[in-house]
Amino acid sequence: MTSQDLFAEISIQAEDFSLADEVALLEKDNLTDGAVVTFTGRVRNNNNGNSVTSLTLEHYPGMTEKSLAKIINQAKEQWQIGRVKVIHRIGELHIGEQIVFVGVTSKHRQDAFAANEFIMDYLKVKAPFWKKEQITEAGKTSENWLDAKTGDTDKAELWS
Amino acid sequence: MTSQDLFAEISIQAEDFSLADEVALLEKDNLTDGAVVTFTGRVRNNNNGNSVTSLTLEHYPGMTEKSLAKIINQAKEQWQIGRVKVIHRIGELHIGEQIVFVGVTSKHRQDAFAANEFIMDYLKVKAPFWKKEQITEAGKTSENWLDAKTGDTDKAELWS
Amino acid sequence: MIKIVFFAALREQLDCAELSLSADDVKTVNEVKQRLSDRNSQWRQTFSNASLLSAVNHDMVAGDHLVKSGDEVAFFPPVTGG
Amino acid sequence: MIKIVFFAALREQLDCAELSLSADDVKTVNEVKQRLSDRNSQWRQTFSNASLLSAVNHDMVAGDHLVKSGDEVAFFPPVTGG
């Protein structure tokens, strides 16, 4: 594999994505990386015990891409990894829908696992995305912005 | 999600598998687990610097399934995880082909990452599979059984 | 001029997505924040939230970060993506 | 009788996949191994490899594990799956 075959791609998009297509791209003509780790995050129905019906994802265009590129570069400095793909969806998303994808290839499974988890941990506290949830209870719909979890900040700090 | 929706499936098979299909089964009717982590291991072309053309995977039928079930149960005792699927292929596999798949769902991404990596680490040192590699160099083909890596044993011991 | 942008709950509380300030009177992010707080009691209360984050030209920065004409300064709540 | 099975490189070195031993003369996995080593010099050399693993009825065990009639005892090299 020559160096130009290594890539780190970031996509912020409203459309859904295909896990199979993304992994196929990570693996295409890549015969040196035996390990592929993926993380997929989806909208679940029990955030904080409320009955979430959908989420709306807002982001800060420009800063989002820059912060994700920085996070990926930090991962590449710490672990021997090959290709990286990060996808984050924006706009309105319903229960069960995919929100985020991180895919990492490596010669070594430990590096693929660590880099993938590091990217997710840092994305959670550094990338400018905000979730607003729509909740329906007793036939009444309300909205509220999610609070950041202190656990996420603590977890990201464990890496440094 | 009721408890019977939780599953841990193990498949030892000669046939290839579809990452997309496996993840779809892990996610189907599963609205409480927002995190899905997958590991895919593939045959790479540079094991120990030799020019590997293919691998033959042998296993110990019966013990394989029992050891993988034990590994999955240990993961379920340590982390809050939902569904688990482990696939390991046997027989002759060529460069680039998929060898192993581990998929784990969880409410919490940290648990999904940790359980998945734990299962792979333990599979590497506890599950009775053996790889024989076919090497072609200067037009000559030879075969040899892979040596176990002491690093794998060390890594598995880190969890205990 | 300095471009100031707001996101998420902060934008809704201020009912404002973007405004401009003269670069003459503010040297740091904290001074930008002070200037915005001085607009009225609603803004003062909103900016008293210690958890607000700041970015200058798309990089997260601390309050003592210097600002100059042409900069884009952003304020927003802790992020909740992923 | 005790069923003995061999895998991978070990099976190839012994040129044997499976055999049976009377349970009367062996009480532990180590005694099974000793009995096999006594077959001839080739087997003795093969079983002198300290890294060989043992399983009884599909569970990995140590050398002092007891064996009885009807057990399946397996010997194999360190595993290399995944």
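Letters A, B, C and D mark the chains in the order given here, with residues in each chain numbered from 1 onward.
Note that in this section a contact is a pair of C-beta atoms (placed from the backbone, for glycine too) under 8 Å apart; a residue touches a chain by one contact, two chains touch by 3 or more.
None of these values were measured; they are calculated from a predicted model.
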If you average the Cα atoms per chain, which one ends up farthest from subunit B? C
Separation of subunit B from subunit C, taking each centre as the mean of its C-alpha atoms, in whole Å: 48
Using Cα averages as centroids, what's the distance between subunit A and subunit C in whole Å? 26
How big is the gap, in whole Å, between where the Cα atoms of subunit A centre and where those of subunit B centre? 23
For subunit B, jot down the residues that touch at least 2 other chains. 41, 109, 120
What are the residues of subunit C that contact at least two other chains? 82
According to the definition already given, which pairs of chains are in contact? A-B, A-C, B-D
In the complex, subunit B residues that touch subunit A: 18-20, 23, 27, 31-46, 95-96, 107, 109-110, 112-113, 116-117, 120, 155
Within their complex, state which residues of subunit A touch subunit C. 41, 57-60, 62-63, 66-67, 88, 99-100, 120, 123-132, 145-148, 153
Show which residues of subunit C lie in contact with subunit A when the two form their complex. 5, 7-9, 12, 51, 55, 58-60, 74, 76-82
